[in-house]
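Structures are listed in the sections that come next.
What follows is a pair of complexes built around chain A, which joins chain B in one and chain C in the other.
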Partner chain A sequence: MKNPTLHNMKKPRIGSHTIMLMITIVLFIVLYGAGCVMYANKEFGRLQNFLNVLINNAGLLIAACGITCVMLTGGIDISVGSVVAMTCMFMSVGLAEWGMSSGVLIAMILCIGLVFGAVQGYCIAYLEIQPFIVTMAGLFFARGMTAVISKEQVSVPFDSWFGQLSQIKVEMPFQIGAYLNKKGVLMVPYVRITVVVALVMVLITFLMLRYTKFGRSLYAVGGNQQSAALMGLNVKKTKLLSHVLCSFYATLGGLCFCLNTMCGTPTQATGLEMDAISSAVIGGTLLTGGVGNVIGTLFGVMINGTISSLVKFNGKLVASWANIITAILLCFFILLQAIFAKIKERKK
Partner chain B sequence: MKNNAVLEMKGICMTFPGVKALDNVDFTLKKGEIRALMGENGAGKSTLIKCLTGVNKFEAGEIYIDGIEGSVVNRDTLDAQKKGISTVYQEINLCPNLSVAENLFIGREPLTKLGTVNRRKMNAQAAQLMKDLELDIDVTRDLEEYSLAMQQMIAIARAVDMECKVLILDEPTSSLDDNEVEKLFGMMRRLKEQGVGIIFVTHFLEQVYAVCDGITVLRNGQLVGEYDIEELPRVKLVAAMMGKDFDDLAAIKQEEIKDFSGEPLEIDAKGLSHAGTIKPFDLEIHKGEVVGLTGLLGSGRSELARVIYGADRNQSGTLKVDGKERRIKNPIDAMGLGMGFLPDDRKAEGIVGDLSVRENIILAMQAKLGPMKKIPMHVQNEIADKYIELLQIKTASRETLIKQLSGGNQQKVILARWLATDPDFLILDEPTRGIDVGTKTEIQKLVVQLAQEGKSLIFISSEIEEMLRVCNKMAVLRDGAKVGEISGNMTQESVLSAIAGGDRNE
Partner chain C sequence: MNKLRNITKKQLFLPIISMILVMLINVLFDIIDGNAAFDFFAISMKNGVLYGRIVDILNRGSEIAILALGMTLVVSASAGTDISVGSVMSLAGGMCCMMIAGFGVTSVSTVAELAHPIWFGIVCGILVAILAGAFNGFLVAYMKIQPMVATLILWSAARALALLLCNNMIVYVRMDEFKVFGSFLGPIPTPIIIAAICIAVLAAVLKFTALGTYIQSVGINKRASRIAGFNSANIILMCYTICGLFAGIAGIVNTSRIYSADTNNIGLNLEMDAILAVALGGNSLGGGKFNLAGSIIGAYTIQAITTTLLARGVSTAQAPVFKAIIIILIVVIQAPPVKEFFKKRSARKSAVKEAV
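Let's turn to the complex of A and B:
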């Protein structure tokens, strides 16, 4: 800052990526605002309802952050939902039937995530197998393992340390959004501990993507793999690590998911990977790689969550309507990206 | 190591499947020397450079670098960079989605105490670097917002900033205009004064003589010789590259000016345009005529051709092909009308890397016939062999994957693809870019021959000499508008002044 001439005085122009992010945020606000107006009598606008969206989607949010990192390199990981299910089942059965301690189980599960990601990443980066195929194998494997551990639904015992975690309410400071319920009791809005974990992970991921060499390598690899290699970046290692990260996030997300459902079933979190991918895309991440960030993904998840919440508040609609609305939004965003790409091409 | 040498390569050997790519090649580069590495396509220039930078693993030979004890083998490009060897490649190898500053510093970003990337410092250093090189660039913007030429300059800036001893410039000028080439040369001379050795690979002979001190010539993977610039005049250089006595390029110059106004029109465009790129233009092309499109880089030469061909849909005007009015919506329509189009970006728009030479040649023919009609294999083989021989495509066999061929030979395959469809009207966009002199002459001869057979052609090239040799008429473009036509007795001066403008009424 000593020498002002060093700095370009031109204001950085708002790029198309920023506009995309803005659109996502505006869309979220519009959706939520519409809910507040439409369901004013049902108190959709209450802060607690907003926080519930976060609580219900904390696991998804973490998983989506991981998938964003993989998508930035131009890759994909469709094993995430199964990994979440496997995590839930392992945790539930571990606590309820094997009598293991919570701490050991959490450590084991996170390690499984690392190994799982490393195997997938190795196949993709070093054996150069298509990520879709590799992670599809991962999807079947994890889903299969879930059923092998137990075919029945198993509940997490509440008296375990892990079970206790699910009971913790983190109340809003200064009683923001507090209200008196019908009995006249002061209700202070709260989030679960999972939300705190998820938001911290979003922050960490955001900083990692923006300010670390590894984070920037993810963008470089996604932008142009060959160039990245010629500029001296280790492309294979970067890809491998992105998958390790993704599966690790999936297991961490799985733990949060488990705290929310408090059980493991062989079929839970089916299709969660698609929710995560669609959240990332709605948040501005390109499937071709190189563009996107987790703030967008955060809003993508919130939009998905708000849609489900709206459908639920309506009461008459079938839950599948949420899928249809998400589909329309996805088309809208992909179209938007295509238009921006065209404009850019035209400018050249 | 010899005195003053900054780099010495001795007895480098390397084999690709079926081809001896390098056979016992020596290469010496002195401090503060700019040395041209010359040779035809497939002579082994790129391979030699890739051996040096660690991209290719060579089988035998030694590399010595000033200041490093013993022989050196680079594991990869990063390793080579650390030892002071930086490279700028023909295709721009940067990441379009990152900012200019990041492209300059990725892999070696300034860090904060926490070990994170210090973006502020990085941007400041990048801005300073751009200022030193007299480039007016906002380093915080994404790279893709700048033109290809600018991106190339940024790639060079990155290499220059690496504290390098040896700078390799592999065809860096093919996307630059004269002004930018001059800037690049300025940069090269400054580096030379600082003692950097520069290896300069180019196909533009005049650039070699403008900036180089020495020339090393390769042919078919073997060293022909290492020369000082004075002892190897242009004709001798070409002879050394081709390995035969060189019949002057001018030999195929048109003897007389032919009048085409009596011939029937093949293409008659009136008021065609494309929003944002091409303003409405008229263009008449007679049967047997070669029309050149000329203008500065970015003046809309390729875009105009794309409008006629339907690759970009025209938004106004009419197009008559062979006397009948036609609406061309997409390239398949154009092909149906007997048109062919050789695009300038052969990597992105031309070759299909994972298909064989034969399949690449058959491609357009098949598209024209439709996907249901199968061309018998023996016919395919015949056609492929015919064009491999006709265009002297250097390939191990017709079933070799095209991506294993050198750039010039890939270009020939794409040319063969269009010739195989037997078009009446062919658009050639920079057909000779990045191609060695010998092949250039062959392609030029072919163009003239095709015209004599009654075919009409549009020929686009950055080299005016070449245009003069093959074109009967030239359309001059400026900022997406056709500003004039020149025909008759065209000279380099008349074309240049038309491009530069001044009298717009010409």
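Let's turn to the complex of A and C:
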């Protein structure tokens, strides 16, 4: 197969969106490759380091998948970061202070996510309030609730069933990428259970968006609301459900986030919603709706994670460089999308 | 009855009602606490400066009001929001203090230690904010990128740049000449004066030139106004640049208030308050017609809510819960389906009356 270039765009199978996705994937490989070469002495290229990027961003990945679904309908949800924080706080306080069992807490939290999303979705779809304002109220509410539950940092007790989950290592099969450490002990690369959950959620979302009626209607509503309504789709219900899904994903992402940090603080995960949105945009999702893919989002999150990993490995750079580099990349991708859109317009 | 209906139809009706509601709640709490009923409105002189809760709200609300001015134009012209203003505030403050103190210096307190004069620092800070606004405007107007995504770039980059400028430290400028912008000019708090000047200048420009009409026409229909002979892109670019300018002014005021460039916290989440002010003022976030007075009332209402909550002993971390509930209530009342429902109900009632 030939490389997809601009000349191939006449063929209907390789659209500009496929090229965008390819560029994202290539960029990720280039970034990671550059890291491997630059920090070869610090073992950046080890499989475990790659898996660490996944482990650190599992929560973000799940939340970003949810946001992608909302963005596909042309909406936006900026409350996810706060919902993640609220989830973490609820979980840690529930275990440490209220003495509730992990299973009940997880069920409660997921239900809270569903209700939270339903309220937001109802306001957006049926009361026709702008999504930005509604989810901004959601952001304030969830962030404030986090502080209402507890003003101080609370740790998750390790002896609980939930705490035990964080200890589970899922080792790579057949000892792929195994190495001997300085003491001569064989280290098998592993991932945490959160990564498994996140990747399964990505797969489920991908299949849902591609093959189910609901998934296709998300694209239809985002592409053109009026024609979707004329086709007989229930636009309002689809929008409502997309928000329910997003908040549900946010709570699930919050649980994974909690497993990673093992604590709840009122200021946790501030700005996570913007990371999720920028990951989705880098992955080729349009804010206007109708275009996007969770595979792109996966790579968007991985690019975000790789950049912060690179900055960490450098050691001398200040952490804010990660923000600046991500912003430059975001700018690059947005301009690329704009250029593709212009080319398309000219062809018409 | 008809007169009442006409009043309720005015755009400024709801913003003013919500403002009065917040004041009433304050009066109610005062009565419950056994204070004088109208303690809220009392203004007195203490240590030669004005003192009172109204003064405090006007003072603290200055930044939101200044930001809301620019945000109103941006929302009207481009049907989108500029979420970078908070970060740009921080960038302006960081740039200003860095210029005054010199790179890497964390504290200056005498004229001899200054790297540049204070006015130069302030001009630099505002210039960099204008530049940031122009960058946003270029992306939105000429590259046709959705405003929220375009401003997302500076939302994350501007604060990071400010941190780099200040070498990741808090830069103090302990000089009265610098503090004056955030403290008092005579008996009146300077931020109030600055906000008043900003409001007056923008209102005058909108009143005496056709700019306001241009902006609204671009917001209502970009293509039609281009055919009518406006350069839509230039007008949008101008709106974003003005928004950047106001963000810069707000940043300087906020920096001067704490006489330091605390780049991590200056303007944090203030973009949300500014957008909220625009929405509370009865302006549609979908662009088009706007009402500057509504936005300004909205801005002070938000500050009044915040101040009330803090005065009631709610911690700053918990205050957002109540804020969220108030926002949702106000926005739901203004939602089109809810309005229609009430209209139908009143129509049914009058029909029943006629039948009787």
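Following the convention adopted for this analysis, the second predicted complex is superposed on the first by the 336 of 348 C-alpha atoms of A that agree within 3 Å, B and C clash if a C-alpha of one lies under 4 Å from a C-alpha of the other, contacts with A are read in each partner's own complex, and residues count from 1 in each chain.
In this section, a contact is a pair of C-beta atoms (placed from the backbone, for glycine too) under 8 Å apart; a residue touches a chain by one contact, two chains touch by 3 or more.
Fair warning: this is a prediction, and the values are worked out from it, not measured in the lab.
By the document's definition of touching, neither partner reaches A:I168: not chain B, not chain C.
In the superposed model, A:V134 makes contact with chain C only, not with chain B. When the two complexes are overlaid on their common chain A, residue A:A40 makes contact with neither chain B nor chain C. Applying the stated contact rule after C-alpha superposition, one finds that A:I19 touches neither chain B nor chain C.
In the superposition on chain A, A:S227 makes contact with chain B only, while chain C stays out of contact range.
Which of chain B and chain C touches more residues of chain A is settled by the count: it is C. Of the two partner chains, chain C is the only one that A:A341 touches; chain B does not reach it.
Look at A:W321: by the touch rule set out above, it reaches chain C but stays clear of chain B. Taken together, the two complexes place no residue of chain A in contact with both chain B and chain C. Every residue of chain C that touches chain A in the complex is listed here, in rising order: 81, 139, 143-146, 148-150, 152-157, 159-161, 163-164, 168, 272, 275-276, 279, 285-286, 315, 317-325, 327-328, 331-332, 335-338.
Listing the residues of chain B that touch chain A in their complex gives 55, 76-78, 81, 87, 89, 92-98, 102-103, 106-109, 115-117, 119-120, 123-124, 127-128, 131, 138-142, 144-145, 147, 158, 276-277.
Those residues of chain A lying in contact with chain B across their complex are 1, 5-8, 10, 12-13, 15, 207, 210-213, 216-217, 219-220, 222-224, 226-234, 290-291, 344, 346, 348. For chain A in complex with chain C, the residues that touch the partner chain are 76, 123, 126-130, 132-134, 136-141, 143-148, 151, 266, 271, 274, 277-278, 281, 286-288, 318, 320-321, 323-324, 326-328, 330-331, 334-335, 337-338, 341-342.
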